[in-house]
Structure formats: structure tokens, C-alpha cells
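Labels run A, B and C following the written order; every chain starts at residue 1.
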């Protein structure tokens, strides 16, 4: 496996880890400043609909989201556990990025309650090499189900 | 990781992707023409019972299955999401193949309904190198549970 | 990916396989003789609490556990299926070990019953190179939920 594949795998592992460990401030750092982060459903994605459940068009908006999560939002305490598959082999894109897809399963653990399947789907990503590192330029979170719980507080 | 491991990992990623994306016609292309595809339970597999829930002894039979799925079968619309682990290190077999095993979890997403655990288990595979590529010569889908939903339409 | 990462990945794959296949006697062989194996919750782990749901401070205690499982314990027949993510890149520790973390999901399959999410969480591991091989010197199984089923018979 080449270095690029390894770097992408590790970025994804870190992505899952910081959410599971509640280190939400780390999450925006995995994106470039002019990133796109979007959550949609497979149904909408297939039909090319632009509407999103969540849409952020910069790292700053992701940082805002984390602030809201920490300070403003009121919700029952819970955590996520991401279980992800191997990424597909990255493909070079015309604009100098690398695109790849990764299956995900997200479990939601309510405090002292049961663990449930919260969402499954596929990450459609574009990565940008920045110096020695790699960062997310775009992550479109395509959820398999159109039925998404309204409690969408933590990052998917 | 060697090339063989990488090629097997990527074939598996593509296997899961084409099913998740509803590109069922792509599925038989991942097998050799004289393949074996079989779905069984851990209980039957352990005891060496030959009976299968699904049995196909050629790529042609897989193609037939996809045709039936597209044209004949009537069932509630749904999709699968495969989450698989890392394959075991491939072992050379006497007949020039490479065998390996991979844990799987398959989620079933009903249209506008909940996402459920549909099946878990282990793929027992034999791979054949064909030119520059690698294809499935045999996939035995060993399901952990003996209780399998009767709606067994999409490929496991 | 380097050799160390590959060796760790394969050890983990074998760990999951031997439990899924009911080869429990194989499980202690994946640890060094003076190992630590501990099951705890994220809540307790975060606060540094030492109390554990399960604690074994040697390979001998793991062997004892397997004996109890085989001969003494009475429980409904069931099996586990581990689905694990990619390990994080191993980090060298001061005492000559390699530490890494891996997300896990464990499904419990009751005989002829439904498949359920039994536990999710993160393995906090330390590995020791022993000759040509690598073994677990420490595995702390940190479960996401504080609500753990009392039927904790098979190894997590």
C-alpha cells in the first residue's frame, strides 16, 4: 500500500478517534480552511439534489459548530462510535485532489442507555496534500437511510 | 503489505460498493466464470453439511440471479451496507489459488424505515490471479446466525 | 504500511477469528506471559478509576478463564462477531513496547435468536516484539457504554 493510502487511512482513524473521545475541537483541524462538509441522504445524493441536512463551506463554520455543541445546544449526553471500512484506492482528480470513498457505521451510545445504530452510509471525500500532511478538502456524508434522528449534534 | 493483500482488499471494497450503490450487474464481474458462490450458516458449515441457502456454481448463475432481482422478484425496496474487517493474510492453496477469510456485518436499510443488522459472519474466499487482476474463484458466505430473514434478495 | 503495522493488524484479525470460531484456547496464546488484560468502561477509564469488570494480570489467568468457560460456567449458547477498524499508527513507548488503539464493535449471536450489538468501544493496546512475532503485552478493553450485560462469558 502506498503512502497516500496510508495517510488517508490514518486521517480517517484520527477523525473517528477525536469524535469518540469527545475532542471535538480537533475535528475541524482535519479539514483545509476552504473545505466543504455536507451531510445528505443516498436518495438525495443519487438524484443530485443540493439540499443538505448539514452544510458547512469553511473550516470556520465547523469551528462554529463545535462551539455551539459545547456552549449552546441542550441535548441528552451521548457519544458516537464510528466503525469504518477500508477506503477505496484514491483517485487523482483534475483539480489536484485525491478522491476516495469509505463505508461507515455510526453507533450512538446514550448515557446509561442502549447502544443503537445511528447511521450508516458512505463518505465521499476529496483530500488535499498540504506540505507533509493530508487534509480533508471535502467530505460528503451520504447516509443510507432517509430517516435521520433529529438529534444530530455530534459530527458524523 | 504486499500487492496480493492490497488487491484482495480492493476487490472486497469494490464488492461492497457495487451492492451498496445498487450496481448489481457489476457483482458477477468480480468472479471467475467457473466460480462457486454459496451462502450457509456457521452451524451447517462447522458440521460439513453441503446444503446451502443459496448456491451458484458459475458466473452465469450469478448473472441470472441479478436478472431475477431486476425483473422478476417483487419485494419491498431496500439496500445493504456491508462493513467488513481486514482480510486475513492470504494463504497459497494447492490448486494455485489464494485463500483468506474476512469478517462481515451487513446492515439492511428499508425505505424510510429503520436500519437493522441483517447478517454477520465470515467470508471464506479463494482468489485466482487472472492476468494483472484478481477475481473471486469461490466465496462461501458463512452467516453466524441460523435465523436468516426470508427476504434474501440482494447479494450477501 | 510498515511491517509492524501489518503484524499488529494480523494479530488482531487472529484475535477476532479465534473467538468467533470458538477456539478459545488460542486466545491466551496471543498474549505475553506477564500480560495485563482488563475490561472497563469509558466513564471509568476517563476518570482514571482502577476498578475493572474483568482483570487478568497474567496469561495463566486468561487460561483459567477459558477453563471456566469450558467446564464451569453455565450459560445460554452464543457466539461473538468482532468487527474492528484499522489500528492507529503504533507509537513506541518508553518501556520498549508499541502502543496503539483500535475501535471495535462486538455482536452477540444467540442460538437461533437475534443478533444484537453487545458492546462497542476501543482497544488500548501495548504490543511486545518477541523474536519474529508480536504479542499483546496489554489490552485494555474500554467499552463505550456503562451498561454491560451480565452475561460476560466470552472474551471481548
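In this text, a contact is a pair of C-beta atoms (placed from the backbone, for glycine too) under 8 Å apart; a residue touches a chain by one contact, two chains touch by 3 or more.
Computed from a predicted model, the values in this text were never measured in an experiment.
The rotation relating chain A to chain C, fitted on Cα atoms, amounts to 120°, rounded to the nearest 5. Under half of the residue numbers found at the chain A and chain B interface occur in both copies, marking it as a different-residue contact.
One simple way to say how far apart two chains are is to compare their mean CA positions; for chain A and chain B this gives 27 Å.
Listed for chain A are residues 1, 83-84, 86, 105, 117, each touching two or more other chains. Taken in their complex, chain A has these residues touching chain B: 1, 42, 83-89, 101, 103-105, 117, 119-122, 144-147. Of all residues in chain B, those touching chain A in their complex are 1, 6, 9-10, 12-14, 16-17, 20, 79, 81-84, 86, 105, 107, 109, 111-117.
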